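Consider the two complexes below, in which chain A is the common component and chain B and chain C are the respective partners.
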Partner chain A sequence: MSARIAITLAWLCAIGAVVFLLSPLLVIAAASFSPTPVFDLPVGGASLRWYARIGALDGFWPALSLSLQLALLSTALSLVLGTLAAIALARGKLPGAQAIATALVSPLMMPGLVLGIALLQYFRAIGFNATWSALLVAHVVVTLPYVARTMIAGMVRFDFTLMEAARTLGCTYAQAIRRVMIPALAPSFLIAGLFSFLASFDNYPVSIFLTDVRTKTLPIKMLQYIDEAPDPTLAALSTLILIATIVLLLASDRLVGLHRMAGTGD
Partner chain B sequence: MAPGAPHLVVRQVSKRFGAAHVLDRVDLTIARGELVTLLGPSGCGKTTLLRLIAGLESPDAGSVELAGRDITRVPPHRRNVGVVFQSYALFPHLTVYGNVAFGLKSRGRSRGEIDAAVGRALSLVHLEHLGARRIAALSGGQQQRVALARAIAVEPDVLLFDEALSALDRKLREEMQVELRRLLREVGATAIFVTHDQDEALTMSDRVAVMFAGRIEQVDEPRIVYARPATLFTLGFVGLSTRVSGIVAGSNNGRVEVDTAVGRLSAIGNFLIGSPVVVAVRPEHVRAAPETAGNCVAGRVRSIVFHGSNSLVEVDAGAATTLLAQIPNDVSAPPRVGDEIRLCWPVAETFAFPMPEAGA
Partner chain C sequence: MTHAAAQAPAGKIVDRDRSAALAFLAPSLLFLLVAFVTPLILLLGVSLAGPSGLSLDAYGKLLGTGYYLTVIWNSLRLALLTTIFALAIAYPAAFALARARGMVRTALLTCLFLPLAASVIVKAFAWTILLRSDGIVNRILVGLGLIEAPIRMIFTETALIVGSVNIFLPFMILPIYAVVTQLDRRLSEAAATLGAPPIAAFLKVTLPLTLPGIIAGVALVFSLSVSAYVVPTLLIGERYPTLASTIAKAYLLARDPQFGAAAGVALLVIALIVVTLSARLAGRENSR
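Here is the complex of A and B:
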């Protein structure tokens, strides 16, 4: 009997949490169709006028372009670095491999603000002033933990006897990597890349310390729009980003399964 | 090449990992079409020897020849060997067909050739209907067969099995032993099995190479390895035996008289008088009968283990000596625990080995 009560309570908590977490998203999405220039629920008629105005926002296209560049490039760099690090940590008999792995993942546990200030001070100290490059390096720091964590898990599970099997079947070591290791680890690459891209694309606390007047990422630009002219254009933009994210997640789920992305086993 | 001519020749091969001599000047010659087992405890070097033949390790000294070609320094992808791994090492991202076709694609065969060869290999292992299956959807026994088909499909000069049957449960393993032997005979394959399972070695192979501490102790037909072990290690590793240590008191024409804690025993062997030796006999030669010839020892039955057609009887002969006797269960008065019993066995089945040095 008490077990049934516990299960009921657990369900109520879960439902409550989901409602609490998702309702702001629903409100934003609804508000984006509002016919009036205030954040309001679209009572008595929907409108797409705010969607049409996204492109006309001051500095929107450069900000979107910068965010996409940073997300794509930092993800690509992190994938290469993180995969190499994962091979070394999973295969090599490095002293302190566990400590290195923890250090690689540590930016994940650090408040973004601390990371941002630390990077700003460090870049100043070494005279690294190029905004775009500084942002890219910072985003690699932010995204590398996601890639490293996923790739280390993938490498530990990867059976390196497969490489030996491929070599006895006529592959050179390089061909074995291409024909066996990369395809066998494809789900790990996809998951790592996806999380890395999302972590970079919506990063605010680290980027805010490294941008300048002309070089602003999309999240920073959006906060600026809110300050300047709070109308439902932002709700429309948020809804579009939300939809793009859901499409990405659904596509990945079709390819590898969402339960593996959440890290709840395979 | 004429049948029986050397096909695989391992010559004076040594391999060290750090300070450990994993292989110590190993020689092994295998004829075309022969099935040979490397048998030994873990750490004896059998897997390393197999990996050297596959090219996954390279020797510190010595050479390996396969089909008339020195392959000592040839990388694995240019040797024509097939390996069945203990974990099977099937490619999880490919189907059964993709796995079996893998080696053929590496060799640049045409699509038609690949289709035909994969079909042949899969039908040999009775999996022709599962080509489109994913690896994860197969049972352990089926995965084993796919691994075998993948190795056979490229028609290798030699097939290497690294504990390939050990992951199967006992019943399936015994079935596979018989089927694998038949299949390898059918395709005329030369094969080397690595195992620590003596039953597998005795069942599957034309010859057994017993390995210990990086050396091959004996290479012979299974029945000779069992009935005429060349060393004390082989005797102890393959089958059961009673062993009694003693000192040679008399030696004559290939026969020695040995003084032991349980009396004087006669054995086959050539030793100087005064040499420390170990005298041994297999339990199936020991009889509980009032015989007059041969070696006889009296004792008290300590335990009896029933094995169906016979029982294994442990007899305490005093002086910290235990005798093993395999007594048929058709005798009218089977021994009971606690009985005083007299055991005798023929001298011709009694071996004498040099006493191993302390610490060995």
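Here is the complex of A and C:
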């Protein structure tokens, strides 16, 4: 009897949580079709004119391009660094492997703003004032822990005797990695890459301290637009970002399954 | 003799593996040393560097001014309230999620992942639209006759907490869900068979077994929300100064790096306390 009440309560919480979590996403999508400039729901007449205005937002294209470059490059660099480190930790029988793994993941626990100001001070002190490169370095610090965490978890499950078998059959070490390890670990790479890309693309607190007047990432531009003139153009832009995220998630789900992502999501 | 001969190659292999492992680890560790550890040490240095040598002035200002003590309390209060509400929703929800099968589970997990993957700025911006005085929440409340006229919701603490719980809730659900799926349901059934009332079975069996998930979720949500910047900026603004907004202001507006660095170190210390405490608690759980 009371068990049934508990289960009903659990389901109510789950459904409530889902509605609560989805409501901002639904609202932003609805507002993007607003017929008036005041975030009306599109009752009576939907309008696509806000979508047409996104490209005309001041500085939109350079910001999008910068954010995509940073997300793709920092993810690629983190995948290389994180995978090498994960192989070493899974295979090396190193003393203190656990401590090293914790150290690799530790920037994840770091408040973003603190990392941002620390890097700002540091780059100033060593006279490093190339904005683009500074942002890339910062984004690798942000994304590496996501990749390291997922790759270490994946590598622990990987059967390394497969690598030895491949080498006995005449593969070089590099070939064995390319032909055996990478296909077997594809789900881990995909999840690591997805988390890393999203973490970089959405980063605000670290980037804000490292940008200059001409070099601004998309999140920084968006917050600036919201501050200056919040009209449904921003809802339209947000909806497009959401749709892109959904496509990425659906593709990942096709390839590896959401359930595995939940397992490694922490 | 034969014994030693048999061992020698094995020892060599371990040595070779170990040096290869070090070569594989070196790039990551060097990178973090240069781009993470050194900047943090420098930050600590900046927070202690006054105009004329070593000075604790910045920390004195932070911990000795009523205004800044309120700022620290604001950050802690935001994190505390977010964590409590998130836990209250996430704990039962995780059980339902773990019981779900097939399509229902896929649908629920999708509904969890989509908001998690969605941009924080997009979600916070959506809450500003939802909570405007001519916004949807107000119209629903007026429509239902619950309130007479629209009430001001945005730029209040309620708006801040609602938005913050909304954004960090998935980080509480996922670790608890991961633990609940591992739970052997036979254990609580055994407790029931042995005559334990459901409440006792829950407190003595289920709760202790799910504690590692709770610890992980609480640590994650607390450390994320204590340093949140985008959510307070958009949902409450100047009315609720936090350590995060103080840091941003010190660097971007006031150009007072020493004070900004000190506030950064304070935030870092709070994060470290949470991480250490949760690792301790988790360790104690594991060794039981």
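The criterion applied here is as follows: the second predicted complex is superposed on the first by the 263 of 266 C-alpha atoms of A that agree within 3 Å, B and C clash if a C-alpha of one lies under 4 Å from a C-alpha of the other, contacts with A are read in each partner's own complex, and residues count from 1 in each chain.
To be clear about the criterion, a contact is a pair of C-beta atoms (placed from the backbone, for glycine too) under 8 Å apart; a residue touches a chain by one contact, two chains touch by 3 or more.
Since the model is a prediction, treat every value here as computed from it, not as a measurement.
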First (chain B), second (chain C), both or neither touched by A:186: first
Contacts of A:214 with chain B and chain C, given as first, second, both or neither: neither
First (chain B), second (chain C), both or neither touched by A:119: second
First (chain B), second (chain C), both or neither touched by A:254: neither
Residue contacts on chain A - larger count, chain B or chain C: C
Contacts of A:223 with chain B and chain C, given as first, second, both or neither: second
Partner chain(s) touched by A:241 [first = chain B, second = chain C, both, neither]: second
Which superposed partner A:4 touches (first chain B, second chain C, both, neither): neither
Interface residues of chain A shared between complexes with chain B and chain C: none
Sites on chain A touched by chain B in the complex: 159, 161-162, 164-172, 175, 179-180, 183-184, 186
Chain C - residues contacting chain A, complex: 14, 17-18, 20-25, 27-29, 31-32, 35-36, 38-40, 42-43, 46, 89-93, 95-97, 99-100, 105-106, 108-123, 125-130, 132, 134-136, 166, 169-171, 173-175, 177-178, 198-199, 202, 216, 220, 223, 226-227, 229-230, 233-234, 244, 247-248, 251-252, 257, 260-261, 264-265, 267-268, 271-272, 275
Of chain B, residues touching chain A in the complex: 54-56, 75-77, 79, 81-83, 85, 87, 89-93, 102-103, 106-107, 150, 154
Chain A to chain C touching residues, read off their complex: 2-3, 6-7, 9-14, 16-18, 20-25, 27-28, 31, 38-39, 41, 81-82, 84-85, 87-89, 91-94, 100, 103-104, 107, 109-115, 117-122, 125, 137-138, 140-141, 144, 148, 194, 198, 201-202, 204-205, 208-209, 219, 222-223, 226, 230, 234-235, 238, 241-242, 245-246, 248-249, 253, 258-259, 261-263, 265-266
